[in-house]
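Inspection log for the structure reproduced underneath, given as structure tokens.
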Amino acid sequence: MAMFDLPLAELETYAPEVSEPEDFDAFWSATLDEARGHALAPTVEPVDNRLALVDSYDVTFAGAGGAPVRAWLHVPAGATGPLPTVVQYHGYSGGRGLPHSSTIWAQAGYAHLSMDTRGQGWNGGGGSSTADASADAGINHAPGFMTSGILDPATYYYRRVYTDAVRMLELTQDHPLLDARRVVVTGGSQGGGLALAAAGLAPLAGIELAGCAPDVPFLCHFARAVALTDRHPYREIAQYLAGWRDHADAAFRTLSYVDGVNLAKRAVAPALFSVALMDLTCPPSTVYAAYNHYRGADKQINVYPYNDHEGGEAYQVAAQLDWVAERFAG
Amino acid sequence: MAMFDLPLAELETYAPEVSEPEDFDAFWSATLDEARGHALAPTVEPVDNRLALVDSYDVTFAGAGGAPVRAWLHVPAGATGPLPTVVQYHGYSGGRGLPHSSTIWAQAGYAHLSMDTRGQGWNGGGGSSTADASADAGINHAPGFMTSGILDPATYYYRRVYTDAVRMLELTQDHPLLDARRVVVTGGSQGGGLALAAAGLAPLAGIELAGCAPDVPFLCHFARAVALTDRHPYREIAQYLAGWRDHADAAFRTLSYVDGVNLAKRAVAPALFSVALMDLTCPPSTVYAAYNHYRGADKQINVYPYNDHEGGEAYQVAAQLDWVAERFAG
Amino acid sequence: MAMFDLPLAELETYAPEVSEPEDFDAFWSATLDEARGHALAPTVEPVDNRLALVDSYDVTFAGAGGAPVRAWLHVPAGATGPLPTVVQYHGYSGGRGLPHSSTIWAQAGYAHLSMDTRGQGWNGGGGSSTADASADAGINHAPGFMTSGILDPATYYYRRVYTDAVRMLELTQDHPLLDARRVVVTGGSQGGGLALAAAGLAPLAGIELAGCAPDVPFLCHFARAVALTDRHPYREIAQYLAGWRDHADAAFRTLSYVDGVNLAKRAVAPALFSVALMDLTCPPSTVYAAYNHYRGADKQINVYPYNDHEGGEAYQVAAQLDWVAERFAG
Amino acid sequence: MAMFDLPLAELETYAPEVSEPEDFDAFWSATLDEARGHALAPTVEPVDNRLALVDSYDVTFAGAGGAPVRAWLHVPAGATGPLPTVVQYHGYSGGRGLPHSSTIWAQAGYAHLSMDTRGQGWNGGGGSSTADASADAGINHAPGFMTSGILDPATYYYRRVYTDAVRMLELTQDHPLLDARRVVVTGGSQGGGLALAAAGLAPLAGIELAGCAPDVPFLCHFARAVALTDRHPYREIAQYLAGWRDHADAAFRTLSYVDGVNLAKRAVAPALFSVALMDLTCPPSTVYAAYNHYRGADKQINVYPYNDHEGGEAYQVAAQLDWVAERFAG
Amino acid sequence: MAMFDLPLAELETYAPEVSEPEDFDAFWSATLDEARGHALAPTVEPVDNRLALVDSYDVTFAGAGGAPVRAWLHVPAGATGPLPTVVQYHGYSGGRGLPHSSTIWAQAGYAHLSMDTRGQGWNGGGGSSTADASADAGINHAPGFMTSGILDPATYYYRRVYTDAVRMLELTQDHPLLDARRVVVTGGSQGGGLALAAAGLAPLAGIELAGCAPDVPFLCHFARAVALTDRHPYREIAQYLAGWRDHADAAFRTLSYVDGVNLAKRAVAPALFSVALMDLTCPPSTVYAAYNHYRGADKQINVYPYNDHEGGEAYQVAAQLDWVAERFAG
Amino acid sequence: MAMFDLPLAELETYAPEVSEPEDFDAFWSATLDEARGHALAPTVEPVDNRLALVDSYDVTFAGAGGAPVRAWLHVPAGATGPLPTVVQYHGYSGGRGLPHSSTIWAQAGYAHLSMDTRGQGWNGGGGSSTADASADAGINHAPGFMTSGILDPATYYYRRVYTDAVRMLELTQDHPLLDARRVVVTGGSQGGGLALAAAGLAPLAGIELAGCAPDVPFLCHFARAVALTDRHPYREIAQYLAGWRDHADAAFRTLSYVDGVNLAKRAVAPALFSVALMDLTCPPSTVYAAYNHYRGADKQINVYPYNDHEGGEAYQVAAQLDWVAERFAG
């Protein structure tokens, strides 16, 4: 069925109860504290991106467990800052890629940070990569990252990735090229889930964001997603539970710590979401579950009725370019 | 079978006989002459692309039959030219899209022309489009553009598109922003086929190109392609001939006028090809058929053994950035 | 899901509101008037069909824009008329085919008119074809005919086809072989949609039909169809709107002028529909939307619960043979 | 949709009306009486199973129509009986296979009877097979067994198979190795349907079972199953009715005689069901329809939320080993 | 791969060794003798086909084992004969259908016999059917008819069907409506295989045919077909042997008795074949294997390069209409 | 194509050159030495398997890096040993599962060791699991295990797994239940690859095996496998290299250290292989590459022509039961 989820009218008010652990905030406070036990220790080295209009830097900082996490920093050629900054997280399977791959926010005149997702990046490759340098990475799981360490929130893969995402924000708070007061987070799919995570955890980290722009975000309302779609990557969870039939309770408890709905409840930055009504990868009800629970009152969502997971693509980029310009001007 | 075509060692010397009509050059000379009967009449209007580092212009010129063809012209912000110029043609289903969608060659410091493909563009949309404004467009065909007017080279869709591609080159020869002596043509898939067409017809049009960089080019060695792959868009031809069973001779005669192999035989610009050995859309033997017949001696081909039609993507862009810089420096 | 649409009990009373433009009748009156500006100018030439029992004629008449539209006329060998007449329209991708392909109504003793669909016919081929001879045919669209010229009812492909269908009826009103007072229209899928269109526009054209027998009709309740099914050809619309994301309002406005539901509201001839409950090409709710809105009170619908788009096939032909015999006898 | 059927909360009380013929019991009494007209005439021959811990016997007895039906009898090596007995029926396409293939109940210390399904067995093969030795087997049907003889309950394939299943039980009532008072029936998919049939018909046959353990049972609530799933083997019924469009009433009347729901209504043995919520082969609502109608009050059902038709596999075997041990100890 | 089989140039001389049992002729002589032990006992009853131009008769005769086999006989309305006769056999899954379904040869002025295939017919249904009334039908097999009784040529399904096909010819030799000296056999796919069988066995039966016109014939060169294609129905054989891994020798020995190649070696009637080069159901090399071994010197083959199993359809019917007219005129 | 690989006659002599690193033996000697730096420290604890005829023990030993690796040890109930021993490795995605899941070799009277594959086991689950407790597990890779740490033989996943497999053998050399002189290794698919690895490395480890019985082994001749099949898990390698286009040389160098062909060249135990000619997961030429290079002269291979990756299943188990009995008797 082309539009397989709830009708749009129902989606617009869909705000389901989603399980939230009592110690959610304590868990993340402790997690971020632990991460801060490793000095952020950023390195920002110029790199040849083959472009005349953009300067790129190869950034490394200490993510979860102190592991080195890579990012690109792109700025207008010759810029000295501080510049309003857009932090981009990437979709499942992707990563920062090659230096010239994605520079849209630098072209718009801002600083553009593009963070690697640890362990991922096979779809697109790139000159270097960020390993998931954790002993927990080898815990039994179905192929992919969705169930890596899923039996315990402490060992779960996305605990590390969300931590990386927050540490990336910490880097924006203290660098001469970056304007710490004007930071927007964005990304599509998993990148949208990470943008939500960053926005939801930013208050805990004492960081104020100027905006959060998640597109067709992944990692929201897992229970519904797993019941609703056969598509990867949500499907990885069902695949795991189809084998380990007695691990469902533990797995969903872990997922409640990283559920985008619970993070949205804590996010206060102005928000621009997008959703696609034929999206079988990130079903629209899971996106609306996060959107309708999003705490910040200054929020909007662009609806693409006839799109699958590609969502709005260049149309949404155009909308974001306008919206971010207003955020930075405001 | 993952690598379904000839082994690489055989591909490297694969130069099959491909049917070439006797009046090939006469046909194209007459076609270009006819096109020149319409004044090129370019308009180049500034447009807001939402970017700080790039200036974009909305270009219109008279293509085949005098029909208005659209393109974007992107240049470094504030540039006054003349700049070395890269002309980009687009893949089947695509078009120039929105002004911010694709600016890589401007970012590299060049003028970047991005030409619409008439009638196409549904995959990605955009703020405007280029119609295939020809009475011949309504001639019976299978869905898609491959068989539109296929029974006669005079009415065939790609006759019009190839003409547009050449007229785009004519525009580069006389505009203050563009350096007429340093023009490279490029594109992937159909865009690669059009780059080959432009390079093959440029001598007829009296234009000297600095380079031709077709990626995984489409529109080459139709007879083999149709026999070898079930994938669209080549499949559209088999789909048409499966119904009109008595039109094969006429159709393949028409195709011989636009076969990338025959165009390659006439192309003299330095060339950088790419090919993917698991490419079911543009099988590697059809690419090598064009490459091995390419007339210019200064040619090379980058091989991506484990890729399907996505080919080299950012890796090939990196290779092109280096190669184009050398061409323009040379 | 095998039966993916509403349960039969709900289908039987399903009569949704479907958007109808205020100027619907004015639009079609003007359209038909414009068509009549071209003389119908029918030619009816005998053709060798290789059959002993049936005489066939190659018919040409001026369709929309005066373009020549082809049809076969089959009659019992030696018949001189006037004969009760069945007009058959064809399914998407098809056409009148070869002279011997489809003669069932002639075998039943009637005149059988089998009209080509302009631009189509690739599935089956045939000795000749009917081009969509219109400058509007080249307007940008997704592959196929569903979105050709869709941004304006004046340029939309089906405006021309519906006009052809009515002009075919005009031909039945003034030919010695045909009994103008006993004309039934029929067809399956797109042919069913055209039969509905013919029946809905016949009153405007001052033609009284003896019956309308659409099988699993296409072109009904587009908004629901596009949301409900991923199958082509309805899918072509979603495919187009997935790219041109800002064209949905214009497209659906255009579609409201050709929606079989709106045409059914104006059709008064006795009707025999068929519907298949597992039909993913023409979902049963879209068929019932037209059936339940069909204006004529003398109507019935045959339900095939376990069939996909093939519907009743020979069983429905048998039902039609009986029903048409009654209509012509009545 | 991953969980395509009713939500679990609704499934737990789903007890739909299912058509039951008035002469259901009379039909089966007559059928079993007719079968008893052939002497059971069991033969039990030792066979080399290549195993040290298990003795296997090749069993033959007179099934429906007196046809020879094969089974394996596995017992702990050297056992002389009488042993508590587990009768296993097999899934669609399977059969008893080779002697060493499946011995779990003998490993647990019981007698293990594994009955062939007449005509089937192509998936797995084996050293011998049980033919569906009936003239009715050649009656027109869609490929497979679901529609063989479906127009009349007297000729229907499953009438013969259900009879075989009951005759297998009769064998357990009079053999020195088997304890007639402690017999449990089990099986997965079709084997689960046969276990239900055996449990439902056992009272008619004057046999008291110690338990019935159907896993993801097939052959339940055909009307819903055929409307709900496109998967084989239920799909065979839709496939048949898609051709013979006028046979639906007769076919569903026949199916009502073998519907697991109607059999469950008559089954009194303690029961352990299993169901999988993503099971597209045997949709969960069809399983719950039988479970909720199951007459015996001592019943339970294990739910596997993330599994397709594989259901609980080794997890359910573990549950059965415990449950059967309790039944036999009780 | 679109053209997955040998290149056309190799196909044209492809005449592989195919296993032929020594007692091939003896087997078929005995089989036909045994069949003749049952009186043919044809009944030919008029039936209402709802058509004015064609008279239809419901025919029954004693096929293999004396089982009643059904056929339609269509003749021009009012014809009294004797008429040249075309015998049509049907494709796998089909049957004679409803009386109005297929009358092309009657329309051409001939007697048209359309024979049911025993046990089949689910695809299309019809008012009645021909059961495979044989005790052997219940022997274990994979779903479908390809492996029914395959372990012994005496019990194999196609032994019975080929016998029916010959008995149908016997009927043509002694009926007032039919001209025994002008009989052509034809059919597509399985119907083509049966036409080959009829032509190959006709000499044994003392019948002289005027022509044999098999389209994309099935049942030829089984060993290659099973190794070459995954498509049903050839796939049924691999499916069976995948389970019963030790039955391959017996199965292929049986198949050698019905292999169209061996029957073609014995066929002497003038022949018109057709073949499609993208036919995955009946791969072209299996068709050419039969064609190149066809004994009659007056043979031709129409090649459809871009078609899958649909082959030439109406184009081939046109060719047949011409060719048959010549045969009957000759 | 059903049989997509080389014809059987060519397979039987197919012994391609496969890249072998010069330091192959040094690498593995060092690897095993390093592993032996951790005491094997086996624990063997009785566990309730719910079976009467088999005693099961939960085994843990120090695998690669000293990580705890789990296995089941099944023996005939009450056995005290030493017993001839069969070591079973498991297919990709599987693991030792639940204690009752697989006991065939204990049923045959032997000790049966069933080793977990570190990190895997999602397909089937089980009460416990073996983590891939290595910091290298988090190195970037495509989903699955094939490319985990693939850029360096020192970090590659299968280096650890092969080491586990050898350490499992070490355990057999010193346990009162096990007869160190009579040990056979076996397994299907990945389990077959591990059996080959164990047999190939056993001489290095100073262990003499009584037999090696790999079924449809995986992990052989990677270069051909990756070029030949699109099926997972080999496909994971192409998926990785499609992104990281510049890592092919490093990856294939690493794979040469674990290539089953190179292991087979060193294996001297008597061998019983199996191969399936329609196996798209482990193409037959990759199996024959290992078989034909297998060093031990006492070898045979069972061919299943009509099977995909399921291979011989129970038929091959039967063959193994006989063959192992002979090995242990010898």
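For this structure, a couple of remarks:
Per-chain numbering from 1; labels A, B, C, D, E and F assigned in written order.
Rule of thumb we're sticking to: contacts are C-beta pairs under 8 Å (C-beta built on N, C-alpha and C of every residue); 3 or more make two chains touch, one makes a residue touch a chain.
Since the model is a prediction, treat every value here as computed from it, not as a measurement.
Contacts with chain C and chain F are shared by A, B, D, E. Counting the residue numbers that touch the partner chain, chain A and chain D have less than half of them in common. Put simply, the C-alpha centre of chain B and that of chain C have 39 angstrom between them.
Between the CA-based centres of chain D and chain F the separation comes to 37 Å, rounded to the whole angstrom. With centres set at the average Cα position, the gap from chain B to chain F is 50 Å.
Shown for chain B are the residues in touch with two or more other chains, namely 124-126, 242, 245-246, 315. If you sketch which chains touch which, the pattern fits none of the simple shapes: not an open path, not a single ring, not a star, and not all-to-all. Under the contact rule defined at the top, the touching pairs of chains are A-B, A-C, A-D, A-F, B-C, B-E, B-F, C-D, C-E, D-E, D-F, E-F.
Residues 50-54, 76-77, 97-98, 100-101, 103-104, 106-109, 124-126, 313-315, 317-318, 321-322, 325 of chain B touch chain A in their complex. Of all the residues in chain F, the ones that touch chain E in their complex are 1-3, 278, 304-308, 310, 312, 315.
Remark: chain A residues 118-126, 129-135, 137-145, 147, 236, 239-240, 242-247 touch chain F in the complex. Those residues of chain D lying in contact with chain C across their complex are 4, 226-230, 235, 238, 241-242, 245-246, 248.
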